[in-house]
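Same chain, two partners: chain A is paired with chain B first, then with chain C.
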Partner chain A sequence: MKNNLVPLVVLAVLAGLPLLGLNSYVMHILILSIMWTLAGMAWNLLGGYCGQVSFGHAAFFGMGAYSAGLIHLHLGLSPWWGFLVSLPLVALVALAMGSVVLRLRGPYFVLATLAIGEVLRITCENLTDFTKGTLGIMITRTWVEKTQYYYIILGLALLGFVVCRAIVHSRWGYYFVAIREDQDAAESMGIDTTRYKTIALTVSAMLTGLAGAFYTNYMGYIDPGVVFSLGEISILIIMVVMVGGVATQWGPALGAGIMVILAEYIRSLPLIGVAYQTMFGVLLIVIIIYLPNGLVGDWPVLRRKLLRRGATA
Partner chain B sequence: MSMLEIRKLSMFFGGLAALHDVNFDVRQGEILALIGPNGAGKTTLFNCVNGFYNPSEGQVLFKGQPISGLKPHKVCQMGIARTFQVVKPLSRMSVFDNVLASAFLRNPTRKGAQDVADEVLHFTGLWDDRDQLSKGLPLGKRKRLEIARALATQPEFLLLDESFAGLNPAELDVSIDIIRGIKQQGITVMIIEHHMKVIMAISDRIVVLNFGQKIAEGSPAEISADRQVVEAYLGEEHGA
Partner chain C sequence: MWVQAEVFLQTLVAGILLGGLYALIGIGMTLILGVMKIINLTHGQLMMVAMYIAFWLFTLFGIDPYVSLLIAPPLMFAFGMLIQKALVNPVLRVESILPHNQVILTVGIGLVLQNVATILFTSDYRSTPVDYASTAFYLSDLWAGTPVEISLSLPWAVSFLLSVVITVLLWFFLAHTDTGKSIRATAQDKDAALIMGVNVGLMRVITFGLGSALVACAGCLFIPIYYLFPALGSQFTLIAFVITILGGLGSTLGAILGGLILGVFESMTATYVGMGWAPVGRFVIFVAALVFLPGGVASLLKTRKLLK
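Let's turn to the complex of A and B:
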């Protein structure tokens, strides 16, 4: 199958990378990039294909992260079980949320997502007996070196890639895009829009939760201000997809790589390093004006511009 | 047999009666035209049938079953498809994908849905445009895409909202043939139209609305001879 060739080559290259003996900082960047690719693909399914923009994916990321942390804290289980615990938990919250707010159209869903992320962060900060509040939860990491974590997140991202790809090419995927393009038309085509938007939200939330559960295991420490963060999680996920390409297969991966490297680079700069979120904001404005479909989506336009410049120079 | 029964249907928007106590039947297999001046309530009636509006009073029965108050997707699943006066193409999808998305309704597998989409695209003459993004189509073809998408849901009853408006004479002929073909497939059609030549050519019966009320019902010949209709809508030359 020609269609599967590119993903297989990419997978082979990624699987081979640790064999090069990269130093642990480079491995760290790669792991974060792949983690954000997973979250980006998840957001893209809902926001890109189904057209329902979420400003609150930190809610699902944080729930995944806290699933792993809390079962360790209270039950003494390995935080790796967090993956399994997070899936039904996140799905339940997404289903409940979707069946209520996805009946409405327009900005209501956006506002609801924004609210749920913040509600969970504040709840988590104040339920100090249960979550240890702003102190956060510390776990003992399973491995010191990065290689194992790299392969685990690569496997999860592969799962996310396969799930999203299968959905996008199925009946569900067509329904998602139909809903994005015109809800009245979609309804008169027999599509139960509330139901399919809720499906998109639930799958998207579950994949984001997996990324969150991985985060706990990999970083070894979580607190509400980080994993439920509006700026560092919810907005960053959107940035990943916007920069890479909305409703494209490879957009989230490209966007994740760029955003992780950019974040590391800007933060290392003297003086302006602390203002990296401001820089992201400026970047987002530039992207929306000049590349509204992201690097992958607007690649044909971009290439033409670059070629023309090359010709005149 | 009556396919669709409109019973004492009223729709109020605040104090305005967009439809008031409208009664008529659409018989199985016929083409019924709904005509009347702008603002007469034609599209409102369509919206009451397809579920966008829940009628204030009265009922719509489809094959004897009440459908008022059902959601649009339920109504479509029962076998009533519609097109829109202001076309609603799924812009960033190809013509083929527009129709395919509709065909999934009764064909969950991709293969089955593709077969239906292929057939519908051939039937509506859009096969050569199948790979185009639908926003790039000229108006005539976008109107036909509306029909194609409705047909791909494999309906028993089709609501066509001004599918001929803005078409040039050549496109008109194509669309007339398509609608006759739809009737031959045994699909019942209710059509809103202003183009009198088309109406007289294709419709079996005509219902005339004016200010939300039914003022006449009958064959094309009867309608063009009706004094009230001539005064309200057709004007002298048609009535003569």
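Let's turn to the complex of A and C:
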């Protein structure tokens, strides 16, 4: 029970935040941060714990977003049903993808994930009758207020947190780490590596799909160039985890907060505002070279360096 | 009947010409993959940079893009070596949980290159309006009674021939020079090469430079027949790795064949399915290769004893 104390306190603080009467811009930042935390935790399960780096989580994000958009467009259902529709859809695609690509070792998985995001974007742009192509899909938002959205995404993130935590501390989680550390050794211990990699991919994809479906409901507008974007979604999810901490419990949350605030801040600057993706690229390079395990993962190293500097100064 | 044959043959010719250029992109990627064991996901972006060099040389000084072949690739060779030395090498030494850090690094580099290009040159579409752009040969000029008419655009043909020449030069370099042999040794077995006195670190730097120079050549050959914009890079990165998978990881001959197959397949998709679907065709062939031929064309050649 002791281990649950910190998450419960964090949850209580987060649940209490809207009561302070924050303005809608701050609420917007919080909602986005929590949404990226959800996507980051999902990526972390697959990339951080299982060691399978995905460059195509935009595919699952976009599929979630489009399931919400499309059922509204064609069936007239509320886009909130998108959560339920997206789950089996995304799971199916992830299973199919896993069974094809995860049998192979080496860079195949990285390449396949990169390709699937781009292909779904192009498909969405070309199927103009079904998806309205580059015009995108517009929905009417349910609430003008942010508070309801805040609690919904908080609930989803809590779900993601609980699922990831449960998996990481279960037999599956140990299998994942074993696969990441040494696939041959894992296999010789009797772990069906393809199967467990596929499980990691599917769970991760489903959680990302939920974030996507939320995005549609919250933003009210989606188009293929945004929700299937390599730079704005796939890479951002990776950065959230890399900055925060790979294979750590709180890394994605910290990374999401930093990235969202940083993105908003850089975009508001004159002149360099348009260059915010350049800044992201530079940040990614710096993080990989100097803090490869992220702020949380490399915290002991970081603290030692800071202390030493403090001592000499 | 003849009309259909004509369309088919014309598509085939266009596909082979495109494939020759694709092969050049694929070889650079596969060389880096073979020696470094990492996928260079900034390959297309490097090509984009080379295309901008060729574009500005043409626009400011009136230098023909084909003459830029002597200027852009050496510059990109130096740039590639710099990337390897300053960015990739430090990451190779870093202890980290993720095995794919270098790959993520190349994505970061690509992101920077693409966005810097957008800031410097805006995202406008550009091209080099060379005066021979619309010159073409026709089959009927050579053979008056031909039942099918096939045209061959001059810049496409020149680009294709030059890419063949560059490929042959590269083959000579890899097969008959000491540096080339050292590169191949490093690709085959890094540790054994090290014991044999090969400077593996230097070979890595040279290989990254060489790969960049090759894709820069492809950029110079592409610019007279294609258009240019900053986001073009990611598209060609995708093409490069599809070729690499299709050919077989790290196989040069495979990359050539993979490039040709992809060129023809894309050309066919564009003619018979629709222009916008060519990228999806690319993905279909990628998945097909993964499912049915994970070793690529190179594995086929190996089983038939055509390739040692």
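The working rule: the second predicted complex is superposed on the first by the 313 of 313 C-alpha atoms of A that agree within 3 Å, B and C clash if a C-alpha of one lies under 4 Å from a C-alpha of the other, contacts with A are read in each partner's own complex, and residues count from 1 in each chain.
Simple rule for what comes next: a contact is a pair of C-beta atoms (placed from the backbone, for glycine too) under 8 Å apart; a residue touches a chain by one contact, two chains touch by 3 or more.
Predicted model, so just to flag it, every value in this text is computed and none were measured.
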Once the structures are superposed on A, label A:G16 by its partner contacts, choosing first (chain B), second (chain C), both or neither.
-> neither
Return first, second, both or neither, reflecting whether A:T123 touches chain B, chain C, both chains, or no partner chain.
-> second
Thinking of the overlay built on chain A, is A:Y175 touched by chain B (first), by chain C (second), by both, or by neither?
-> first
In the superposed arrangement, does A:D192 touch chain B (first), chain C (second), both or neither?
-> first
More chain A residues touched by chain B or by chain C?
-> C
Tell me which partner A:Q277 touches in the superposition: chain B (first), chain C (second), both or neither.
-> second
Check the residue A:L230 against both partner chains and state whether it touches chain B (first), chain C (second), both, or neither.
-> second
Look at A:G76 in the shared chain and tell me whether it touches chain B only, chain C only, both, or neither; answer first, second, both or neither.
-> neither
In the complex, chain A residues that touch chain C | 47-48, 51, 53, 55, 100-101, 104, 106-108, 110-112, 114-116, 118-119, 122-123, 125-126, 180, 230-231, 235, 238, 242, 246-247, 274-275, 277-278, 280-282, 284-285, 288-289, 292-293, 297
In the complex, chain B residues that touch chain A = 50-52, 71-73, 76-77, 81-82, 84, 88-93, 97, 100-102, 104-105, 108, 110, 113, 149-150, 153
Contacts from chain C onto chain A in the complex sit at residues 33, 38-39, 41, 87, 90-91, 94-101, 103-105, 107-112, 114-116, 118-119, 234, 238, 241-242, 245, 249, 274, 276-277, 279-280, 283, 286-287, 290-291, 294
Chain B contact footprint on chain A (complex, rising order) = 169-171, 174-175, 177-178, 181-182, 184-193
